[in-house]
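The structures considered in this document are given below.
Each of the two complexes below includes chain A, the first together with chain B, the second together with chain C.
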Partner chain A sequence: MEPALTQQKPFCIIKNLQVLFHGKPVLQDINLTLTDSRIIVLVGASGSGKTTFLRSLNRLNECYPGYSASGQVELALSGTMENIYQAGLQITELRRQVGMVFQSPNVLPVSIAQNINLPLKLVTNLDKKKREERLVEVLQEVHLWDEVKDRLKTRASHLSGGQQQRLCLARVLALQPKILLLDEPTASLDFKASGRIEELLLELQHRYRIIAVSHSLGQARRIAGKILVMKEGRIEHLLNKTQFENSEMLQQLLEEVL
Partner chain B sequence: MLLQGAAIFSALIVLALFGFLVYFTLPLFSEGQFMELFSWHWRPFHGEFGILPMIAGTVLLAISAVLIAYPVGLGICLFIHGLGPTWLARPVLFLVHGMTGVPTVVYGFVAVFFLVPLLRTHFAHGTGFSLLAASLTLSILVLPTIVLLINTQLQQIVPTLRMTTEALGISRVHELTRISLPTASYGLLAAAILGFGRAVGDTLIALMVAGNAAQIPGSAFDSIRTLTAHIALVVATDSQSTIYHSLFAAGLILFMTTTSVNLLLHQIKRRVYREEQSA
Partner chain C sequence: MRKRFDLLIYSWAWISTFAVFLTVSCLLWFLLSRGLPTIGKELFFGDASAWEAISGQVRVWDALWPACVGTLSLVFLAALMAVPLGVASGIYLACFATTPFKRILSLSVELLAGTPSIVMGLFGFALILFLRNTFFPDANTSLLLAASCLALLILPYLIFTTQAALESLSDEYRLIGPSLGLSQLQTVFHTLLPASGRGILGGVILSLGRAAEDTAVIMLTGVIANAGLPHGLLGKFEALPFRIFYLAAEYQNPAELNSAYSTALVLLCLTGILYGSALALHKTLEWQWNQH
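Let's look at the complex of A and B:
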């Protein structure tokens, strides 16, 4: 078991980050130090740059056309703070350590077991036995094991939306990331499935640094340790728990930005 | 209404074609010459009308052309879908599309004047008009069919997977070879079958480049004659007698081959569809 995450040490330091697409700024003047061991939730109107912010932490923005950026992002990866934009950085290794779960479940067109096993095989050098152990471990971690243990060989697309999303989470966890990026992980799910994911995230926050985008204020208040409020590509506010639990203050802030 | 009419009309034409071929092949049965067709000797002046060498030639040529074109086509598709630089993907695809518009005779012409002399001088074996020359030329003709079919499949699969695999840290090579291609198995199979069908049906390349000797080739440098070229050659020189009837048998075999190719494709498509429904 890894040691519990300490609160004081920053795990993410961003300096003067600017991201442009086709010359148009999407993120501007981002200066931020994140130390929390609790879930950090990003809220803001659509188009405020939340997803782009997340993608700048695993350099996924580069996969979209017209991308350019300046500034620096340091993440605590293998023990030390590392500038993830430095030349020569192994981008596949970065993405293994900074796992991402997307808005709608994106299972691979293979079986349930292969969804976890295949990335493990391709990205890590674990042997077959270790991979099988890891498979059981992560499926238990996301509370999917009992539901799928008898049909691991069936196609992942047969699962319900909520199960698929938990499978996607398990797939990321299997790679043993340091940081989890969640892009509106419950947006495509019904109320009940969302609730299960939320409970799960509250459990996982003790083992992983989690940064999540949320479309729902209610959800943000339920799961967040800190809330980042974004507006027009900038970070407007960084609220801690006492601030956003004061609903009047939160309301006021959000009216201002949303 | 109009569409239905067109469909019935074309179905009737195909049926009529089949009936026509069978009708003209019938005399061979009634005159007891049918078995003579299946001999290894085509010596019309000695009364031997075996078309087995042509069947062998057709199969050899079609298979070798597909064997050459398929890996190249697959490579081009992988290049387009992420192994090559993004800016080159579109021009390459455009080029392949352009290849479909090149008249076959141009390929044949170029082969006769460049490839055949090249083979003749480099390998000093025969005239250069050979199975090898024909299969190389034919592979270029078949290539766009293979590329476009595989590409169509990958276009449906790769974009949905790309961000997922990127985010997991899976390399493009692994994504394509371990996830996308296995998912595109229908397209991969269909491309091979359709490429084969296209290669079997081609007449001009075989006629111009393969040398047209009705024999079993001892090596890739030997000359062969295909069923299609055989029909074209005999029609141009003779229009009577048993020779002529044997052509209909050749035609019938070709017709049934292409029909089976299409039926096979249809079957695969149906199976894939059923699998998708149950998925």
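Let's look at the complex of A and C:
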């Protein structure tokens, strides 16, 4: 557990964020200050802008045509708060520090080891020995090491869905991000594999700031320290643990989401 | 009603597949039965001994060897020119071009793809006429000219398949590179290209096959019936498809017609070998991508 003092310090401040695609607003009037050291879970109907919200935190929306945005997003990356939309910001460095895992496991069509090694080699200037150490570290961190240590050279696509997703997480962790964005990380997994990822996230929340989108309220309740409810591109509610553990509030939440 | 419709579609799909299989089998059987008996050392090297022919000590008459070498050199040269250019253009169109520019480029590639091969041949021929009347009075149709025209012919296949292979990757997959902090160039070379390797390879094979079998282009740009082994880039040459055409059109006795069939068989095998080596190349590349 982190000391109470740092818990009060915000790591993300969003002011009047608006995101448009081809002139159509997708996110509107987002004003938010996030201080939590526990997992923040985003819920909302499909199309409500959850993915777009996550991508506005590592500026991934810019990879799409027709994107425009206004407002300000400040993240605590190197100690101080930094506006990530300021001119001259190193965007590749930002994306390294704000790691993202996607909905479906997206391993590269190479070996298990190379999935982690390749981004490390391209993005950091670690030497081969350091990279190999890091590889072992992160595979252990996501509890994949014992399962794959004998077949690091085999294709990553031969792993099961849950293993692939943990590998994707390891790939991101290897770059030592400050913030983790997870976009429905268990949506394509079965019950058991989802459970393992949830456990893993509960462990990781002590080391990284985590913002996750969830497709299931049950999951949100299990892992969240705070729940954000999105509707039509706006943040409708911000619920803390006592609020969403109260079943009446949850009922209301359900109605909002559907 | 619904069920019957499904059954109809199912049968149709099955019959179509079977028809393709049947056609290919008949074709093969026909070629094999007519061509196989004449396949032998005689067919390839005529009266010369194999070693003398392969090392080029003795000139081979009325046999396949010079045509095999000619076709291989043609395909190799054409691929050397077209593959880097085509794959690079495909990458540019799929990953870098902006929308208005992309439209113009795609249109011109489509135009190129729609150009009949005989027109490519005519273009090469006209080029030589132009060169003769202007800077190079000695210019003549040659291996280099034919290969260049063939390269032009297969360029659009390469561009299309590369572009399609890259664009068929899912949106999420395309974002992996950027999300890990890779630059655009790194994303293309280290995440997108490895994932679309198979598709691009398919395009390369298709275009090599196309270059190996085309007759119209080379007929106007330097192939002749009895050139012997190609004499350098600026010499005349023989080629398998032209030999098939020539033998089938002007055969004097049934034996010559049969040797046309066996030539066709050899061309088929040659394309098969090209396919095999392209596949092997792909395997090596994949292996390399897996190294630390």
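Heads up, the rule we're going with is that the second predicted complex is superposed on the first by the 252 of 258 C-alpha atoms of A that agree within 3 Å, B and C clash if a C-alpha of one lies under 4 Å from a C-alpha of the other, contacts with A are read in each partner's own complex, and residues count from 1 in each chain.
Note that a residue touches a chain if its C-beta (ideal position, glycine included) is under 8 Å from a C-beta of that chain, and two chains touch if they have at least 3 such contacts.
For clarity, every value in this text was computed on a predicted model and none was experimentally measured.
S.K.: With both structures lined up on chain A, is it a clash or a fit for chain B and chain C?
M.R.: They clash.
S.K.: By the touch definition at the top of the document, which applies to A:Ser104: first (chain B), second (chain C), both, or neither?
M.R.: Touch status of A:Ser104: second partner only.
S.K.: One more residue to check, A:Arg96. First (chain B), second (chain C), both or neither?
M.R.: In the superposition, A:Arg96 contacts both chain B and chain C.
S.K.: If you stack the two complexes on chain A, which partner ends up touching A:Val172: first (chain B), second (chain C), both, or neither?
M.R.: both
S.K.: Touching A:Met81 in the superposition: chain B (first), chain C (second), both, neither?
M.R.: Neither chain B nor chain C is touched by A:Met81.
S.K.: Quick one: is A:Lys153 in contact with chain B, with chain C, with both, or with neither? Answer first, second, both or neither.
M.R.: The answer is second: A:Lys153 touches chain C but not chain B.
S.K.: Which partner does A:Leu238 contact after superposing on A: first (chain B), second (chain C), both, neither?
M.R.: Touch status of A:Leu238: no partner.
S.K.: Which partner does A:Leu118 reach: the first (chain B), the second (chain C), both, or neither?
M.R.: Once the two structures are laid over each other on A, A:Leu118 reaches both partners.
S.K.: One more residue to check, A:Asn58. First (chain B), second (chain C), both or neither?
M.R.: A:Asn58 contacts both chain B and chain C.
S.K.: Once chain A of both complexes is superposed, is A:Leu126 in touch with chain B (first), chain C (second), both, or neither?
M.R.: After superposition on chain A, A:Leu126 lies in contact with neither partner.
S.K.: Comparing chain C with chain B, which touches more residues belonging to chain A?
M.R.: C
S.K.: Can you list the residues of chain A that meet both chain B and chain C?
M.R.: Of chain A, residues 58, 60, 63, 92-96, 99-100, 102, 106, 108-110, 118-119, 122-123, 171-172, 175 contact chain B in one complex and chain C in the other.
S.K.: In the complex of these two chains, what residues of chain A are touching chain B?
M.R.: Touching chain B from chain A are residues 58, 60, 63, 91-96, 99-100, 102, 106, 108-110, 118-119, 122-123, 155, 157-158, 171-172, 175.
S.K.: Once bound in the complex, which stretches of chain B touch chain A?
M.R.: Touch residues, chain B against chain A: 157, 160-171, 174, 178-179, 182-183, 279.
S.K.: Would you mind writing out the residues of chain A in touch with chain C in their complex?
M.R.: 58, 60, 63, 65, 92-96, 99-100, 102-104, 106, 108-111, 113-114, 117-119, 122-123, 128, 131-132, 153, 171-172, 175
S.K.: Of all residues in chain C, which touch chain A in the complex?
M.R.: Residues in contact with chain A: 99, 170, 172-176, 178-183, 186, 190-191, 194-195, 197, 289-292.
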